Every structure is written in structure tokens, then in C-alpha cells.
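Chains: A, B, C, D, E, F, G and H, in written order; residue numbering restarts at 1 for each.
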């Protein structure tokens, strides 16, 4: 609608309703004009072509509820790092909202998400251990919310590498692979060496001792010897799901 | 040819030339059989579908020359972190080898690399400063070697952000974007916020003081607020080019 | 009153009431003489020309209450990092005290703070996200308490950089700018590149993963490519407000 | 039983029941075939020759109970980092399970563990202080569970080195030595200098100030001047007991 | 001249020479139009109102020479971190260029820098030790180049704090103070406690042991107890001089 | 009594009651003989000449009570990092025990501590802020327990350095000085530059942001420019009091 | 010979040649008596049962030569981190000394090293890459020097994990395994998951970016998910070889 | 002579030569009056009672020569971290200057240093290894220069702890002990546990791998379990010698 306002202005000039100097000033300010509620980023969805995402951590349940309500008028909305208290506030305002307790996300579909007919072009999410599953679930839910088929393969870490090989056909069939791992963070290196697909590595803060809340696996992944591996922030399942969705499309 | 050996063995069983127990043992060992020169990874190109890559650093010029010679018999070869001394040894053995001094790569094309007819699906490599260019060039040469159209945009860091906006159409047209930055490493966050394309961030060790040889920009990039940004190791232009190529295909 | 004591002593010498040797000893010790309650820093306000400030964290509510009471006899008092329990103790002793819950400050005006008539010479406080607001509010309240006009602009981080540009006239009109940001901490670099005003960058500990409680944005800000950016300690909104007030005057 | 399936297949080929091409495909997939419950690692005990181990931390008591139940059908099971709540769930399902509160382990013996008749070939576990005992106990219980004689010597740190020397004959008689220490982590260096046995050093996170949750003693141990010292992760008593058992055999 | 082009376009619309739709497209692209040599930042001096600055490190002497030549056509130019080899290349092209060997800067005055008549409003640069002088000189030359009166006070560190007090009147008379210190970095805290002026602290990498190339004093300065202290990157004398100049004006 | 046993043995040899070879073996083992309860370090007080000290943290109240009871039979006992629960257990067994809540120590005097008649040879304990007082009190109580006169001077940090100078005569009169400081940790450098006495610096974990739980002041103190400053572990008031006592004697 | 002196003394007592009190004093001092050249550790070989080892780094070639000469009189000698200059000095004095340039060790056999007849009980040394070979060679030479059969398997890192599996029989046959790896350091985790042998992991400083001179692989190895893995210091091939030798015996 | 000026002034007041108001102003400024060459710290020797010390690193040989010349007029001078080039410049100006190449110090005795008649009250300097000797020598020369008897004991690290015990009488006889150690830095803990003397621990940057240029032993020493140990900066032999001298007096 910015464009419409601009078109009107130009038409006004042409029709002599507005002076050149006045128009000059208006146009210079146009892209900087205050859109009122711009910071809530309706604008963003236009610019970036995606549904709205709310990082819920450090917000009050009421704030999360209100933000969902306003954003949901025109868009699908995904909330990450959400507590059950936050979900209750959202549910009160948006009865169709759904909570995913493992990955701690809330989704609301203003418009029903339709996955592509062809399931073969899918994202595979792998974890090294069972404690990495919450981060993996955040990635899975994000990628699904953005319209991707997602499959998963949990607890196939390198300590028992046969578990990975028993599932090699799953790895071979995926289009993009997310690998979530804590502790030694060695799994993305191995997966990256087995396939010729983009591998998105996510270190987790699970672990003890010299894992240092995820610094250990983060460094391992940055240093991955296999090419084709990129790295997300510690525990950032959302980021991995979002990036994988971009690549899958 | 593994497959051929296996087919022969099965035929031999069928024809009674080999006993079941003997075959049993052979088959169990088959995937583990020594291929002689396997560590030079002819095998890899089969498995991964890509040309050969040699990380030259910490090898002697003679070793680099010999490795290039042997790998070049069946494959195109890319050498990274290569010195001119290394190149001389390669050139002596492979007169068609080419050296790219800025990105410090050697390329040898056993089979001429043919880029796709459609140039629009290309990778864009951006740097924040001029000192980031060598890392960017490594990424560019890697991506080209792997059959991608690549464009570049140098010295458009956030300290003068109008330089980036003056080139926004370049950013909008790219299919995948690599952003190389040292110091504050803020450029990938800004680029990631402007476009809906995968952004591959590469921190560089250029800088002084609290940049700590690249730790500063590495952390900035891992913490990038814009979704759609993944991170490579410090100075790892090769990794970025390789990953971008996977995504671009 | 030190001066008065010294003048009396010199007069006494002149009048022969005190011997030279005795006076010699007294004068040598004069600047080191105990002022009784000096550590409560009435002295400081003389020396530094500013109202009293109390860092409340790690003090008991009673201690905070007592310190406010004594300091308020001659001065305006600002308490930072204050809890509601502390405020209750202050309020009991000083009915006019005010609590600002977001920035967690207590203010007491012994003498009414009068802002300058000219509002144009003001400080602008910007945040990258909504979670940075408490630190920003501490800065705002500190700067106001010290007699400055302050304006604010929240949630304009680089992930959606159009939000910043929509408000560029606010940035252009400010005299000093405080930028508060966590995560990638990239906003001060961008703001510093847009204006020719002193930019005071404050990293926040909000974030997760490789933000490491604020180390990530701290390094980003120290490495800011744009000149004209200086850095405060993590979460130190008070320091930023105080420094900005010095510069604004 | 993989082997049996393979033998049957080969026999089928020989007998003409299966075609070569079909068998070819089957055999290629054989090692990757899904074994159903493989991730629970029954497979592992075959491959590695040891009883089952469960890292309980970050699992729910119910999950721990269920995993113990299923694993205990064929194997002895050891659970580490186990709470009393977890133990209750295990006990409900496996009345013979035992909890060791200091080292926080659960053991269940499907088949009675029989220690070797010769007690002289034993593992000695030493601690520097009393606060290191829980980590030491985890090591002791792990090593016993794996069939080793274990002796212990607690609170003999270098601050009173005569305590160590008073027990030198114990050190001389051991076959393998585990040394658990926090704070300065100096004890393994001293023990390593006294004996000609493998010394396994375990740093603990006990301590304050510059011990940094175990980084201090970890570095000390990695830098141990005495040869014959290797290092485990911080607080990793289980790993030390497991490794010592391997060496002792 | 952007403005002129825009005015012309609007006039053309009015006069019917350009269609609304065509103008619409043009205006949308206008702010993103390529300015040709924009990356060399002539644009910047317009936008930011300051002379040109070149960070010379990691550039070849020839590059530095060429950049100086082109920038000097319309502006005064300052080069930092410059070697004598770089200076020779600049001198060849610009005979009036001057080299300051201690602070390692090159200055070229296209237009004679005229300092204000009133010397009282000046910047004071203090160092803790003699080894901090090169960083201080970079700050001094930067501030002078930007039109400020600058005074200096070297080697007055806290180990002999009487040296600082002997010069307290210098500190009291300054308008802005830059404090450069390595090792313990304690001087800015003391200076900040003595005066009511903005103090810009610059840590230096001079030192040994636990100074860790400037991390030690950097942390000290960030943690400065005295309010009114902000911090620059390690060894960043240029940044301090630039920031002080902004504040001084 | 070791000595007595040895004398008896030698006498036995002389008198022919013991054979040379048997004695040889006994003497070789003598220094390694188990003393029964040696680990409770009665032995230590003989060897080191000091009363008993118990680090209470990470012990149960009952354990602390029991240890106090046994140690108090022959010695004075000091417990550090003690909670009120621990004190209750001690008090139940030793009615004369005293708890010092600020420094969190328990003292029990089996034999009344008598301070030297000459008070001039005393230890001075200085803090930079009020939040450093608990660590200072631990130092004070330790030094008093070990028979030293101790004086204190709190809240004289460098942000208001006149407070230190107002008390310079106290500093000049001390024999040994302990300086406790958090945040910038700058006070020991200043004190070390003023006096010619040993200065023992103790960093505290009080602070926020880049103080990093005491790493900031620890580095400052290690890098102190003034000679005559040594450093204790973070928050280690006990160590400082103990070391100061050694030096004072 | 200590023992001889002691026996003589006891005999003297018995024979009345020495008084009890005099003997008492002598015996107390006996273990502390100066052995003259004790620091050159002839004593050590008695106590520890092994040949002499010299860490050559930071010694002058002459010092290395002299130390070798003296130690070689009674023992075999191994020098690590030795330069060719050092070797020349050794060779001049000991014509039979041998230099191993890759692992940078010097060996001198005073008595011919005889390996055990049974070759099956051997140590296997594996490297992830070719740049890890020097550290591996140091381990190999150390283990051989200490009388072990050693085999090696180089360049089998996880980026091409089939290379490892092609050699699985080598891994299965070894008694102890040393795994040397830089960059992501993931290989020990994989090897540890495949076998039931002690795995000694050695991180190397080879690498770039976030490998941080070996910190990256060091953390990976400490966090290895597979039990049975212990860790040596960065680049400490000697330590690994020594420890493996202890375990192999 | 400050005192003389002040006495004259007071006499002048008494005699009516100076007015009270004028005197008042003069006295207020007196302690801040510029002493001309004060920064060269003649003043310091008065204030601190010690000879002059020059930290030579990062100064030019000429600067070192000049500083020595001027300081030597009234004082003994010690230069640390001095090169032979620096010494040549000093020698040219002061023929009696002496260079100590191992500890890299220059000493010049304006007045002959006379050690106390009683040798028993001495400082003992211990090193763990031979590579720690240069740091130890710096400590030794500093302590001697300051008038102390010093003894030394080198290469008695914990890897062969009998070497330390063979010299226990030396340790028992010392008044103050300096312990210099790199690598695991464990020696001060052991020495501190053996004696009841102040132990000054100095970490050295000698070592490799996880010693991290001295961080490893620094942390070990800060965490020393034995009370009575304080810590100096990495490689700071001078600081240890200076501190020990203060304690010894």
C-alpha cells in the first residue's frame, strides 16, 4: 500500500494538485514515514515473504497472548521458547492455537498450511542422543510450519555408529539434513562425510564437564572436516528449521 | 567396480565355484577391503559426486605436486591455501594448472568446467571490507570450480550502510549469498534481514584488539538476530563456497 | 569548610598563636584528616558536581532505606538495581520517592529537577529488541535524573533494518545516542555509520547460546567498524545514561 | 542372527531360489537394515562385549524405569547420574535393583557379577579431598560392575602430602590408579611421579574462584609433568571406571 | 545532486514528459542507484561531515598511495597504522603529506586545518606508562586532524599516583579526557573518580603474562567503578581521538 | 611419638632383640606406616605449627559438627564458609563455639587466643566497596584466630580516591595490608603504589557484566603495575588472612 | 645403595659403633640426603623401571648433547622435540644415536631394545589427517623405544569414514589404540564406539579458525560420547606413546 | 625539600612577609606543584624507600641507557627484561654496570649493596624444571639487589618428588620461599603443604598444549589447596623477588 500512496502522489503532481517542491519533500520522507505499528513487522512478512515468528522467551504470558492476537489477523504465527502459561494466554484469544510441549512452540494457522504433494523433497532431522530431542523438535516444527515435509531420526550418535548406518537410506533420501548434537558434537562431521547434501549442524547445551554449555560441540562443528556442513547457534533449533526451509525451496 | 566384484562372487556361488561359508566371509569383509590407494579418495568422488579437493597448508610443495598429479588423472582438482611454491610444483607436472593468487587456490581442469546456461541462478559473495577479499576469493573460486555462476560485491560493510543499499538489486537477484566479514561481523545480520535467501556467514581473522583473530565476528554471526543465517569456521572461504554450491543446486 | 579551617590556622600563625613547626605538621596532615562520614560521599557531590547515586544490588532493603534517608538531606538521590522491597523501605522514610519498575530505579528529588527549556538538545535511547528495554530504561531514568531531555526508540534491530530507517529523522535530531542491544549487538555499528553524533553502545546479557551472557554483543561493539562508537559494560544502562549526560552538557 | 540371515540368502542363491541380481540388492542393503529396537543398543553389548549402561541425567524417572526394564531382560544394567526418584521407578519394575546414593548409580544384576579370585590385580581410586568422593564412588561402582576388584584411598591431597606417603604401599600394589581431584588438581602429577602404573586423572567441578567449575584442575592434569597420566572429562567418574576396567583386563 | 535529479524527474512528470508508472519505478530505485565510485566514500564525507580516514594496515603501500591520491582531491586525508613504506608511496603522489612515526599516521591537508581560537576547550590525552605512548599519539593526531586542541600527560600511572596528582590542574582544565593504559588498566577508574568530564578509556596490548594482549586492562576498564568512563577497543587510539572530537564539539 | 617408636626400635637392635634385616624392613616402612586417623590432620598441626582449619562448604552440618568435636580436643578450630545450620551442630557439641555471620566463620578456642601486647604490628584489611565486606571479614577472622591484631578500612575504592587518602595514616601504620576488591579491582595497584608494605590482593566475585564472577578484578590484580602486590584466589578471604598472618610473624 | 648404607648403619648400631641418638638423627635424614646428581634422575629409572627421557625443547643443543652423554652411560635414552642441531651435538658424543625427523625424536640404545616375540599384542596409532602424522610419529617412536610392537594407520578421518571401516580389522586386532586428530577431533569418538579397547586420544594444534591451536579437538575428545576414551595434552604424542606402553604391558 | 619550602612559607607568614590569602592559595597547590622531572620517580625512592627499577622491555637501547644514567646519580638501579643491546648502551654511560644474561637484568650500584651479616634469614627460590630458571634468576637478582641473601634449588618438580624431599632441609631453613613452575604448576601446592613459611608462586609460560602460555599453571596456583601460597603474574620473577624482599624484612 506504500506503492499505492506513492502512485497517488505522482498522479497528484501530474494533475497539478501538488507542487513539485512539496512532493519532493514528501517523497524523500516516504520510505521513512512512520507506519504506526511497523515494529510489529507486518511489513516484514511483505518484505520477506514468510509467516510471523515470535521469540517468546523473556516476554510475559500476556504480552505473548497480545502479540499472537494482533499478528494472527493476517498471518500464520509461530511462537518459539514458549511456556504452557504463554500458551494459555494465546489459547484464550485464539482457540485454534496448538502447543508442542517437547519443542516448546505454539502455532496458529490463520490459513491452513498445505504441504507440497511431493514428499520426496523433505528435510531430515537427526539427533545424536535423546537429550537433543527438544532442540530437534523445535527445528521440526519450524520447518513444518514453513511448509516442508520433515522426517526424523533420533539417538544415532557416533558412540554406536552402526545405528547411523542402519539408517543410511534415510540420509540418502533427504534433501537437506539438520544434525543436532551435544557433548562431542561429532555427528555432523560423520554425516557430512557420508552424503552430498547440505548439513546444518546445531550444537546443544546438554552435557556436562568440558562441554561448557555447548561450546564443546559448537567448536567441533565449526571445525568439521567434512565440507558441506554449516553451523547454527547453540540450541537454535528454530534457526536450523528456518534455514533448512529456505534451502529446501 | 565394487559392484562388479560382488556380482561375480554371487555368480560364482550360483555356479558352485565358491562355497557358501567362504563367500559368507568374503562378503562380510567386502566393504572393508583395502582399495590400495583409497586414502587418496578416488572413492570419495564416487561417493560424494564431486571433484577432488586438496587442503594444501602444512604439506610440502612436492607433496602437493604429487597429489595433484595422481588425482588429476580422473578428476578436476582444486587446491586451497596454496603457496606459489606449491603451484610451481603442480605446474611442472600439470601445465594446464592455474593459480589464483588472492584466494590462494590452484585449479586443474581434467575436464572443462561448463557453467549452466542460465546465469540468473547464481551465488553472490559480499565482503564488509577490502581486507576480507582473500577469504571471499577462496569462496568464489571454490563455487566456480564446482560449476556455479558467482558474482561479487566488495567493501559494503555496515559502517557505510548506503553502499549496501546502493546494491540492493544485486542482493535481491542472487540465489544464495555468502557474506564475509571481520571486526564487528555485523553485515550478515543486516543482509539476512533484507532478503529471503540463505545467507552463509564467514567470519575473518582480520582485525585487531577485541576481534581476537575472528572470535568477535564469529560470535556476532552465531548470534545473528535475522533468521536464515548459518555460519562457517573463521576464514573458511572454501567451506562457504562448497556449501553454497550444494544449496544452489 | 576545610578551607575555613586552613584559613584559621594561617591566621593563628600570623597572630603568633601557633608555632611554625606545629603548623607544619598540621598542614601536612590536613588533606588526610578524617572527615567523619566521608565514605558516604557528601564530599563527592562537591567534588563531582552531581546528585548522589546508590548502587542498590547486594544491599539489604534496610540499608538502602537508611542510605537514601541520609543522602536525601542535601541532595537528590538515584538508586539503581533496586527491588520493590528496597523501594518500600525508602518510601517509609521518604514519602516523595518514586519507583520505576522497568528500569528498576528509585528517584528522590530533594530539589525539583528542572529540564532545560530547549528540548532539541536531547539524548536518544535506542534498543534492538524488546528484551533490551529494561537496560534502556535504566539509562533513560539516569539521564533524566541528571537533567536531560531523553527520547526513545525501541525494537529497531538490524534483523528488520527498515524499522531503523523509518525513524532516521529521530536519529538525526538527537545530540547523543545510546544504543542498547543483545544477541549479535550489530545495531551500534549501523547507527554509528548513519550519524555524526557520539554513539554509546551498551551490550545486554539477554540472549542464548553463543551470546554468552553478553560477551557476544560486547565484542561486536568493541569491534564496531564505524568510528564514533564507545562501549559500556554489559547491562550497564546507568553508566550509559551518566556518560551521555556528561556529553550532552 | 544377521549372519544367519546372510547364510540363508547365500544358500538360497546356491540352490537357485533367488536370482543373482535380487540377491545383489539385498546384500547391499543388509548391513543397513532396520533392526527394530536397535537404538536401545542390545546390538551394542554384542559388539562391545559389555553390560548395558544408562546415562540417566535429563531423562524422566519413568523413562529410566522403562529403559532398565527392557535392557535387564538379557543384560546387567548400570545407571549413572541417577536420582532416588529414578531408582524408585526402577525398583518398582526390578525388585533386585540397588541404589548407591553417594555415587548416584543404580545397578541391576541379571546375572550375578563374579569378581576374579585373584584380588591382587585391582584398581585403586584416590581422592584429593572429601568433596571429590561422589565422583570417586561413581568410578568405583562402575569398575566393580564391570568385574574388577577396587580399593580406595580418600582425602590424601597434596596440601598434606605425608597422607599420601603413609599409604604408598597401597599405591604400589595397584594395577591401575584413578586419581580424582578438584581445586589445584595437583595430585595426579605427584602420583604419576611415584609409580609406574597407568594413572587416570579425573578433574572435579568442586571448588570456587579460579577453579572455574573444573577448568582449573582439568588444565593442571592435561599439563601433568609426570608421564603416564591420561585425563577424563570433568566429574566423569563413570568414564574413569570404565577406562580403568579396560586397562585392568 | 541526487536531489537535483529527483527535482528534474518531478518536473518532468508535471510537464507530462514522463509517465507516472515509469516515474514510479525510477523513484523506487533512486536511493539504490549506483554512484560509481561510492565505495571510496566521497559520499561518506557528505553524509558524515568529516574528512576521509584510511585504515592502512593490510593494504599494500601502492594501494595506500593510490587511495590517498584520489581522496585528497576534495578532502583532507588521515591514514592510520601506516608504515614508512606506505608513506613513501603517498609522498610520491602528494608532496605535502606528513608522517608521524610514533603514532604511525599519515596526514594530508588539502585545505589547511585551522584550530579554534579558544584553546581552553581542549582534549587531554593521558598515558599510564611510556609504552602506551604510540596508542596515545594515534589519538592525539586524530583529534588534531579533526580540528581540536590537544594536550598530553604521559607516564602518570597508578603505581606512583602522586605523579597524577601533581598534574591535577591539567585534568581539571580539560574538556574531554582520553586515558590510555595497559597492564592493570586502573588509571581510567582513578581519573574518572577525580573529574566530572567524559573519560574515554583505551586499553593497550602492551604487557605480559595475564594481561593477555590487552584483555586484562579491557576488563578493568569495562568494570570501572567510577561513572563517566566509556571504553574503546584494544589499542584503538584512532577511535578514541575520533570519539573525543565528537564530544568536544 | 613416631620418634619414640623409632628410638625403641634402635634400642632393640642395640640390645639384640631385633635382627638387622627385620629392622631394615621396618624402618623403610616407618614413614609410610598408617597413623590411623592421620587424614584428620592432627599430624598437620604438629608439622605446620598452626591450629586446625575446616573448609565447611559441601559438607553436611552433621559432618562439620563431628569434625569440630574431634579436632577441638587438642586444638583451636576455625571453620570457613559455614552456614548457621552447621554452627548449630557445632554449638550442640561445643557450647563455647562462636559464629561470625558476615564472614561466615565458626571459631572454637580450646585454648584462649592471646594477641601480642604490641598492637602496632598489625594487619590492615581494606575493601573497595561495601559488597566486598564478607570476604574481608573472612580474612579478618582468620588473621585474628591466628593471633594477629587486625584493623579494617571499608569502602575506600578508587572511584572516590580521596576516601583512601583521608586514611593514609592507617595504611602507613600497618605491617601487612590485605586489599579486597571486585569490579575493576584497581585498588591494590593504588595502595601498592602508596606504601612499602606487602599488599595481598583478593578479587571478589561481586559485580556484573564483564566482571565475569571475579575474572575481571583477578586479571587487574595479577597485572598490578605497582610492585609488592601478590594475589589470592577469587573470594579467598581465608587464604589472605592466613598468608598475612605468616608474613606478620 | 641407599639400602646398603642403611644396612651398614644398623649393623654399626648393633655392634655398638654408633650411638642410638646419633643413628636416630641419621636415619631421619637418610631419605632426604643429597645424592649429588639426583636431579638427573638416575634415581628415577630405579624407581620407575624405565629408560631415560629428555624433553629437548627450550634447551640448547649443547645441553642436550651433554645430558644424553651422561644419561647414556647406564640407560637407553629418548629425546623428544629435538632439532637437527641438537641431534648433531648428541651424535658427536654418541655415534650410535639415531634421529627420527618426522616425530623429531633422538634415540640412543645403550642396550639393544628387543621387542617381544609375540607381535599380536601391539599398539595401533591412527591419525585423522596427514598433518597429524608428526604427533603420531612421536607416539610411535616412544612406544617402540619402550619395547612395544606398534602399527599405524594414517589419514582415516571421519570426513571419509569408509577409510576407517576399510581398515576395521586392523582396529580389531590392536591391544591399545592411540588416535591423533586435529580440527573437529571426532575420530576418537567413532573409534571408541567401534572397539572394546582402551583408546588414547591426542588432540593436535594443526588446523585454523575455531580449532584455536587444539582447544577445539581437545574439548571434543574430553566430551567423547563413547566410553573407553581418555585424553592427552595437545600435541603430546610422547605422553600417548608412554601411556599406551604402560597399558600394553 | 618540599618540607623546606613549606617551612619557609610558614615563617614568611609569621614574619608578615606573605598575606594569609596568598599563602592559602600556595599551600593548596603545594602538593600538586610540578617537580619538573618527577615522572622519573626520584620522588618514588623517597616515598617508597627503595632503589630505582626500570622495566626495559619495549624501550629502545638508547632510552634505557639515558634512564640508567639519570637515575644512577642518586640511586642504585635495576633493569629487568633487558637485552644485551640495552646493556651496551648502559655500559657506555656507566662502566660499573653488570649484566646477568640468564635472568636478563642489568644492575648498577651507586652505593655498594651490603647484605646482612646473618645469612640464616634468607629467601629460597625453587624451580620445577630447568626451563623455569630464567624467571627464577630474575627473582634472585631482584631480591639480592634489594639486600637479601638468596639461595636456590632448581629442577625439583613433582614428577620426581623425591628430588624435593632430598632437599627438605633447605626448604625448612628458608624464611620466604619463591616457587617457579610451568606446565602443571603443581609444585607450590606441595611446598606449601610441607612448610609454614610464606610461599610466593610464579607461573611460567614455558610449556605447550593446554598450558596456554601460563594460564594452566596460573590457575593451578590460584587454586592451591595448601594455605600460605600467594600468586604473581605469569613469568613475573621480578615481582616475586620484590615481594619476597618486603616479606623477608
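The rule we apply is simple: contacts are C-beta pairs under 8 Å (C-beta built on N, C-alpha and C of every residue); 3 or more make two chains touch, one makes a residue touch a chain.
All figures in this text were calculated on a predicted structure; none of them were measured in a lab.
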Next on the checklist: So if I look at the partners of chain C and the partners of chain F, which chains show up in both lists?
Outcome noted: E, H
Checklist entry - Which chain pair shares more contacting C-beta pairs: B-C, or E-H? => result B-C
Checklist outcome for this item: Relative to chain D, largest Cα-centroid distance belongs to chain E
Item to check | chain F against chain E, contact positions shared by both copies (same if over half, else different) | outcome: same
Next on the checklist: Using Cα averages as centroids, what's the distance between chain C and chain G in whole Å?
Outcome noted: 59
Checklist entry - Any idea how many Å lie between the Cα centroids of chain F and chain H? => result 26
Checklist entry - Centre to centre, by mean C-alpha position, how many angstrom separate chain B and chain H? => result 55
Item to check | Per-residue multi-chain contacts in chain D, two or more chains | outcome: 31, 47, 160, 194, 209-210, 215, 218, 222-223, 227, 233-234
Next on the checklist: Output every touching chain pair, sorted by label.
Outcome noted: A-B, A-C, A-D, A-E, A-G, B-C, B-D, B-E, B-G, C-E, C-F, C-H, D-F, D-G, D-H, E-F, E-H, F-G, F-H, G-H
Next on the checklist: Can you tell me which positions in chain H touch chain F when the two form their complex?
Outcome noted: 47-50, 53, 194-198, 200, 218, 222-223, 227-234, 238-239, 242-243, 246-247
Item to check | Residue ranges of chain E touching chain B (in the complex, touch as defined) | outcome: 29, 31-35, 38-39, 41, 43-44, 47, 57-59, 205, 214-215, 218, 233-236
Checklist outcome for this item: In the complex, the residues of chain F that touch chain G are 3, 6-7, 10-11, 13-14, 16, 20-21, 23-24, 27-28, 31
Item to check | Residues of chain E that touch chain F when the two form their complex | outcome: 128-129, 157-161, 183-186, 189-190, 192-194, 207, 209-212, 215-217, 219-227
Checklist entry - In their complex, what parts of chain B are in touch with chain E? => result 130-131, 154-156, 160, 162-163, 165-169, 206, 208-210
